[in-house]
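Which chain is which? They are A, B, C and D, in the order written, and residues in each are numbered from 1.
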Amino acid sequence: MATTPYFHGVYPILATPFADDESPDLESLARMVRFMHGLGVDGITVLGVLGEANRMLDREREAVVRTAVQATGGALPVIVGTSHSGTRAALGLSQAAQELGAAAVMITPQAEAVPSDERVFEYYRTIAEGISIPIVAQDHPASTAVHMSVPLLLRMLHEIPRIAAIKEEALPTASKIRALAAGMQRKVPILTGLGALYGQFDLEAGSDGFNTGFAFPEVLMAMVGAARAGDWAHVRTLYTRFLPLIVFEQQPGVAIRKEILRLRGLIAGARVRHPGAGIQPAAARQLHDLLDAILPGADLTRPIVL
Amino acid sequence: MATTPYFHGVYPILATPFADDESPDLESLARMVRFMHGLGVDGITVLGVLGEANRMLDREREAVVRTAVQATGGALPVIVGTSHSGTRAALGLSQAAQELGAAAVMITPQAEAVPSDERVFEYYRTIAEGISIPIVAQDHPASTAVHMSVPLLLRMLHEIPRIAAIKEEALPTASKIRALAAGMQRKVPILTGLGALYGQFDLEAGSDGFNTGFAFPEVLMAMVGAARAGDWAHVRTLYTRFLPLIVFEQQPGVAIRKEILRLRGLIAGARVRHPGAGIQPAAARQLHDLLDAILPGADLTRPIVL
Amino acid sequence: MATTPYFHGVYPILATPFADDESPDLESLARMVRFMHGLGVDGITVLGVLGEANRMLDREREAVVRTAVQATGGALPVIVGTSHSGTRAALGLSQAAQELGAAAVMITPQAEAVPSDERVFEYYRTIAEGISIPIVAQDHPASTAVHMSVPLLLRMLHEIPRIAAIKEEALPTASKIRALAAGMQRKVPILTGLGALYGQFDLEAGSDGFNTGFAFPEVLMAMVGAARAGDWAHVRTLYTRFLPLIVFEQQPGVAIRKEILRLRGLIAGARVRHPGAGIQPAAARQLHDLLDAILPGADLTRPIVL
Amino acid sequence: MATTPYFHGVYPILATPFADDESPDLESLARMVRFMHGLGVDGITVLGVLGEANRMLDREREAVVRTAVQATGGALPVIVGTSHSGTRAALGLSQAAQELGAAAVMITPQAEAVPSDERVFEYYRTIAEGISIPIVAQDHPASTAVHMSVPLLLRMLHEIPRIAAIKEEALPTASKIRALAAGMQRKVPILTGLGALYGQFDLEAGSDGFNTGFAFPEVLMAMVGAARAGDWAHVRTLYTRFLPLIVFEQQPGVAIRKEILRLRGLIAGARVRHPGAGIQPAAARQLHDLLDAILPGADLTRPIVL
């Protein structure tokens, strides 16, 4: 378990591996969880956008949670994405995750025809009142079409104690991180996402770490470590070195990340559930060249030494 | 069972009743199904947008299907909405519906970041290949953000024999109904939806009936009957008389329809699942006045005599 | 000039007539203005969505304003749509309209990547401070993608005295009209739009009239007159009689309205600017049948007697 | 004039400078044009998204074109953004640009309620038939909400000879560049945009250069030069070095780019037209630190030596 306060540090978002027939590949999932644990990450998140949660049945989602929790042996927090377009259903998914051993749930708000801060607030409060584990509030307008203002987020923090962290992915992230940090009466960690695209800038702005799917969490751990040590030159060096890969990887869809995870030996295949797109051969070649250039001669199946 | 060809006629879309704690009220659902059967509709549809399917867990959806099928006693086709943002999951929901006794599934396409006719086609074909009951293809860009062109829909009809009807709700509906009807080599029924907003015009354009949630299906049955008899003056009279109610009822959300169903004695309460909005008192008063004006002295709990 | 307070009553939104080569047909425009004046409307609006303002160059917009103002002979208020995605440009269009004799400007807010009530407020205030004629604030999320909350609209009313009316077109309109009316400290008229789709309901909710493009303003005038006289049965009769036409006409696009205006002898041709769609022959036939049924034997080129 | 074929190479997109009162600062514009010319770019583009064209009146746009053309002394091609939501108006803007000396126009398609490849095609063809200068077709769904498929773009190329280049900004860009290049019967250059975010990858995929607003075009010129020379290691080195700046700069809005242009001494002030957002002090500090780190000790007002 992390020795830093909860939700500081690096919480990789895991892909959900699928076999060629698109059935969940739970063996690969367990292997990936154990690898992340071995890296020393502070926790993991399953069933986010990268986890293709939106393409899965409820019972498949439960299998993913069960497998992830078991693979940690209880030694690593598992955060579970439980967003749903209905409040009661989101609560139901959250309660199921809690019963299966989740350490926290990660939740995005839901777009309604007429945007309403009040209904977003009620959504979070209702879920909070029905569970006993923390909530990571995810602010990602690009996927939700919901714009949570800084005042709304601060109100949520102050009136819903169960919200224990914010995953900030609303552009421009650094500005919003600064505004949130400045306004918090109760301090909670702010993690950045977006595949670490703005990693250096968000750490400079006060982000407490990463909650994202970049396939080399050890790089993010090194960046957080350097930031905590005040070694911003090292943060910058790490960010600059890996940024071409970060940029390439954060392109829409999950195919590129799954291909890296496959190359790292973590998942048996890079299959994406339809209608999601798989990686094209030319893009795969570009990715392989890019990895060779940034990590020449590296054994990707082992933790990268930085 | 309908004596007219399958998917001609009137297929009401049912709301899902909820108790005050938002749990499914299956007793009300069964009562509503029996009432519709008693009206002589050609079938019913559950778990559409009006059914708040998007706010329900998978196991809740199954309970709705089971209840609806049982309430018909096998004597009325039950169409089940089984759309999902993942193809395999939509197939899973469709297979579950089939096993529970559904007569057909109703399916919308899913929006992807880069629109692709090919992926929409594959989505329908994959589902079709995994089930043995018919598919009603629902074309409703307002809720799906997917624009299926007439050539795409015709290709789907011609290459996926399991598609047995089109529910046409893309504006302007009458033009699209005409274009589809003109282009079909294999003829399938086209039903109009949108709360019957364009009912007269869509029947004139060749629609074979209604698949929508207007809370007085007997009005729609009378319109279809008049249209089949060539009595267009009567179609127009019915449409004009009820159009203020149709317009009022098709406002966004499901609250008004649930209130009418409550007034008709079909559901115990008009509760809408959060974050959906319930009916406001002033709107409820307007609705009651409107019903009084259009159906003075009528006992709404009994079939309306036209 | 209207004897009722400003912005009460009926303000038709005018189409912009185009010749077959899509050049503005100012002669038709002047004829249409004179016809509306002859009907006794309270004012007219040019360069709204129906006016295809978004498909016109600035100098073409000026010609429309000049022509409309001249055709009224100064005896009828001309409201000019001057929305623009830049605040300073919206101000420039508004000042130009004022110089050309506009009685008021009609303005929608502009969507930004991150929604901001404050910027919407500033947009209106900046324009208000640079002109000396009233502003009609148009609330139409379907075309603007901006959701102005009731508190924001009330703040605008209370802090920007130049806002003299609200054109309310956010669904559900009746509820929003009630909420606005209840919250106003400074009372201003609220007009409904949307082609009069919710005309009866919005008048019941307290709307002060119509600001919309329905091609028979005399019907709307009769409805407003009946509402003012408290004769709600007559409001309902008028609404019910014309509702099929209202519904047909409010379908997306401007082609159907232009065809009616052509049939009324007001514009020489129904040409719509590309890429807007013209009316299809089958839709035109449906329209003609509909007009025959609702107004049998009527000479459409003359005011309809109700 | 460029010695490479037209539309190969680097065509910076210029911001439009504004004074503190938001009036166009044409002197700064001319200075910026001369600086770009001095760098040896292959041409410049004015009135794109970065140019805030959408916030300007037609007469202001004309002043920008006139100033830019004059500042080049006829020695550098000026491409002018002339997109408009009306086809005839886009043609009007294009003709005006041509008369003012534009070398080409850059045009995006317009979103309609019902997407139609045919109308997009007609839009381009109509403009092409009314001018005698080339068209750069800009494919940028993020700002247009129009998805032009590869077959549509190829049809446009083959049937509209006036289209002389494609500015490709649809994600994933590299894949689309490859597909376009593979499908072209008539070969035209493909330029990448998006602030050079995918610069290395798009050059690898066959892009012929850049048409974007990154404020150090000399970096992009060096990348194109290295790519032409087959020195991909140098492409990668340049891209990696400047990528943190590229990422920072491509955040939504134009404020960061204007601040860099100001720091380079090219524009007198970084004012953005309302409702666009200016740069926040904390973001400005981050930018200054970033520039110091990447270009330590450099005189930004002079061309960067690489």
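In the analysis below, a residue touches a chain if its C-beta (ideal position, glycine included) is under 8 Å from a C-beta of that chain, and two chains touch if they have at least 3 such contacts.
Note that this is a predicted model, so its numbers are computed, not measured.
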If you tally C-beta contacts across B-D and across A-D, the winner is A-D
CA centroids of chain A and chain D: separation to the nearest Å works out as 34
So how far apart, in whole Å, are chain A and chain B when each is placed at the average of its C-alpha atoms?
38
Between chain B and chain D, tell me the centre distance in angstrom, where each centre is the average of that chain's C-alpha atoms.
48
Sequence positions of chain B contacting 2 or more other chains
113-114, 171, 252-253
Overall pattern in which the protein chains touch one another (line/ring/star/complete/other)
complete
Applying the document's contact rule, which stretches of chain C touch chain B when the two form their complex?
171-172, 174-175, 178, 197-198, 200-201, 204-205, 236, 239-241, 243-244, 247-248, 251-253, 280, 282-283, 286, 293
Considering the complex alone, what residue numbers of chain C touch chain D?
22, 52, 54-60, 84-89, 92-93, 110, 112-114, 116, 119-120, 122-123, 126, 252-253, 273-277
Flag every residue of chain C that touches chain A in the complex, lowest number first.
113-115, 141, 147, 170-171
